[in-house]
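Before I ask anything, let me first share the structure, which is written out below as structure tokens.
The first chain written gets the first letter, and so on, giving A, B, C and D; residue counts start at 1 in each chain.
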């Protein structure tokens, strides 16, 4: 059965499996102090044009978020995000578990708007009871967002400006970064993200690796002791070179960027098919996630061709479902899915 | 200057000061294991008709909330409250600091509606990713609410029904309980609150005591080890009898209920004056807190007569201000404030 | 019955009760923003010769410890203390509850020795796995210690030197500070403590107040946002002036220092009686706490005259008990207790 | 260069790499809800003779410890361990970070003795201030211990008896379980561990897998919501099948047990060589970790042949070093190391 329910249902790009095989008899230093991590760090810093950043490797996204937030914030500080932010709704309260409040604003097309961030910061600055509320000190965004949308360069720069004005950090969750950078119409580059954020991570799990995220700590003030925070969060992999090796293979020859383009191209074919049938849901997504609103009958029909993710009930009691392509999605799979969409009952 | 900005700007009812004086040369056991705490507990359990409850004394409201929430919830569980809930917006993230998420719904007249609580609980029950979100396990309400409104008996019973259906606790923050019970039109009694909640506290700080809140743990499942949670929260007063003595004096002869009536009566006079001038803000409050929307000029004028609390800017850039009476508010003070309101410029 | 089991079984010095009575009809600003807190702060800063310190008022000792530790430490940092340290053994894990490890060394006469602190700091500095252990960043001591002993000026200076060398904070828990400063042979002054520590608190609960501790934050780096940490710890008293008023009365005319002397003088009489009978326990205490090792028969006999605190079983299955004088201990009480000690069976 | 400094410096057993290759084009459900996890669970439950246990897969040891401890303990409860316990000294305070105290006793040959555990539990039960201390509620041990020693069946049963008597959980960290079960003289079986513990985990990272630990929750009371705790701890791997696949391959045909035997046999050869030279350190280790005390000159010499782990300075300023074999250690490597030991200068 074709799985399009998420972008983490396949293994890894062939180069990674080959490298694991080739190096299996080698012995490496532990805890990311090996040559692969060193090499991957160089490639990433070069690709992101941030030579002075510190690059670390983390097993999964929740840990990446928790480790960075716990590391950066003081106890009385909170993180601002859109209400649909992953840290707010899909991490079983991990951010609160380690002591911090997620201060939310309604998402606009899945994104945190600079105006909304400013309102929170300004509200705090003008609060007559400022010691009785948490201090908004970090803005958390996903690029692309949970809805598949991307921030324009102007939007990112506006967020950065608010952060600069109010002394806040900007942290970018890039679990699907490859697919955001490859989005049609996207005008944001990896160096832009490095330049405009205090820290961000480059998703591997969903973008070609077996597992792993590369955390890039750009702001020098956040660099010291980050390895301590990683270990405390339980996310310092003993065999750290497994992560370095994967990111080396993802960034050598710019594979990471190529992977993204392929997945997005496949998603665009599905999007076109959905649009043609009038099933495409808002907001418009230029990335690998496409959302549709379909009837129960249509869902039953579609499920014979592929597995999609049920997101909940939408308007008219229709079903919001997600089609998610990835680096592994094949032409044949998309052909079949497009045909299934075209053949859906009214 | 007359202070009506809050209900914690005066000392205590005379009986309490006298008792402190009388007993000052006595020696007592520490940590609430004294005869005063025993006596107050009996009086409270009798007044609330909950003979099997456990009564404890806590210094302040934030500690009361934190100690009970930390005590009752498991790490993956959250507390549901109205977005204006005290734990959500006025405790510097204390609930998150000890690891729990506040899951909020928009307040309706300052209150958490049973329908909204049910939607959260139902949403969790139907979640396709139930392990990736926190489990809503407690409903937190204030009686009266932050807006001065009170829950009707039917509303409380509806909340209880949702809690029963979904296995949730109902926790009632009664920091201003005396003023809620005395509200005009209120049909909820102290025994009702004990009967319908798993735990609640009876505010002393704002209702006649120098300081202190009486936590009534009704649900037997929440009783064991609560003293450990108190100590861990830093809220087990070494000289616990100071709290027992105060609550004994508040509940002997039903003083607690009388205090509430006096304060509410004074508030009603202010409310009438505000209404007459068309300055009263929504929602309608039957308790000791009255909110008004006044212009800058009016605020300047009013400030010559009394101190009110500025709550922020409202419609038409007018100022939302709070008038707060208490057990200590005198007729003369209210006479002066009413006159000031009547004399406000247009 | 005479209570000598602790130093928090009586109310407050008469001046405090009088001041509460006198001011009961006054109205004050909340949250320590009143004139009493201002006045007490001035008196304390003058007495401690630290004009640039920030003074705050906290209800109890556990909260004082928790608020300061949570405020000062980053998540990966630990606090070093003697194994008998109050934070380690008498606060129900409150320090760990808010995320920090207590790193302990064996107490020497109840105290943390500079050599032991240095060994911990040096051990960390030389650790081959420094990211896998917590960073010792604060030394916590009590003055006087849990055993009633005091640090000499040389000992305090040695601790400070270690802290300076390794970039650590020195935090002094002064829950019984009055009795330490008044100890026979003590060569440490309040200005010494202010000069040598980053933060310390002046105990009120055990030293003449109804309740309350005055936190003196000397290190400017620890001053910002401390009120936020207080609120988050639930220890910002709404009626903060109650604390300011008490500390004003304790420090006006140097009462705090006089109180200490009286209590210590009474303790010395009990100590002499115990020594004469060969019952005095190690280590030698020059303060208000005296420890004795007595047989079951002797404990039964003693208990007819006064209540002492049972601390556990000691050598020869004898009972370790504590005699604790305070500002409220009278000559008549000590006469009776001394007589009882003299009359104990062999 | 031969690496014997740890047992996590090589990849994985060939069967695992082959399986990764073979399945790379397959698509699986996420979050451990796949057929590999199901299959591995069956194999593990069969091998451990605990058909009603719940088996989960976690990426690394620190997360396994943190997730289980956070899941099992209430806020006022602590975990008892030997002072050399991994959670106490090598996890950057992760246990305290999520709120729990490690209550330590001196290790005996690297192990927690039942008598010491009983003393802690009894001490709490008899404490006159039981609400002021944490409640010891879990015993944490490693099998084998950090020193390479193993518990005898009698020792494990004695720990269980104490836990039963005082209502405590027994949690076994089996990061090196394969090597403990294969220890010469070991009389403990995997079913014994399952029968005597409330939860334990089977180390994969150090025992043949690329990464991953299998948590076996035996006690039914600890089974509900464990997946929530995993997600909250950030340790629910999106591509969970990668873990299931590895543990399936480790347990099929009893490979896990064979791996252990090979590594221990290699370690015994190194041990014999060290003993012959009189360099073997205490305590005696029957597992894959061997410790030696060698001079600086000897360390320099040894380092030409292999990398060992420096553990710190021991008696006579000699260097405590660790030789660590694993499933990947070859005869040739051991031959070379033995020769190097034999050739060490005096």
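Operating definition for what follows: a residue touches a chain if its C-beta (ideal position, glycine included) is under 8 Å from a C-beta of that chain, and two chains touch if they have at least 3 such contacts.
Chains and their UniProt names: A, B, C, D = Low specificity L-threonine aldolase.
Please read all numbers here as calculations on a predicted model, not as lab measurements.
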- If you average the Cα atoms per chain, which one ends up farthest from subunit C? A
- Task: State the pair with the higher C-beta contact count; candidates are A-C and A-D.
- Result: A-D
- Item | Approximate Å spacing (C-alpha centroids) for the pair subunit A, subunit D | 33
- Taking each chain's centre as its mean C-alpha position, how far apart are subunit A and subunit C in Å? 50
- Going by the touch rule set out above, which residues of subunit A reach two or more other chains? 70, 75-76, 91-93, 97-99, 131-132, 228, 231-232, 236
- Item | Of subunit C, residues touching subunit B in the complex | 1-3, 6, 8-12, 14, 17, 20-21, 23-30, 59-63, 66, 70, 91-94, 97-98, 205-206, 210-211, 228, 231-239, 242, 328
- Task: Could you please specify the touching residues of subunit C with respect to subunit D in the complex?
- Result: 75-76, 78, 89-93, 95-102, 128-129, 131-134, 310-312
- Within the complex, subunit A is touched by subunit C residues 31, 70-71, 74-76, 98-99, 130-132, 135, 225, 227-232, 236
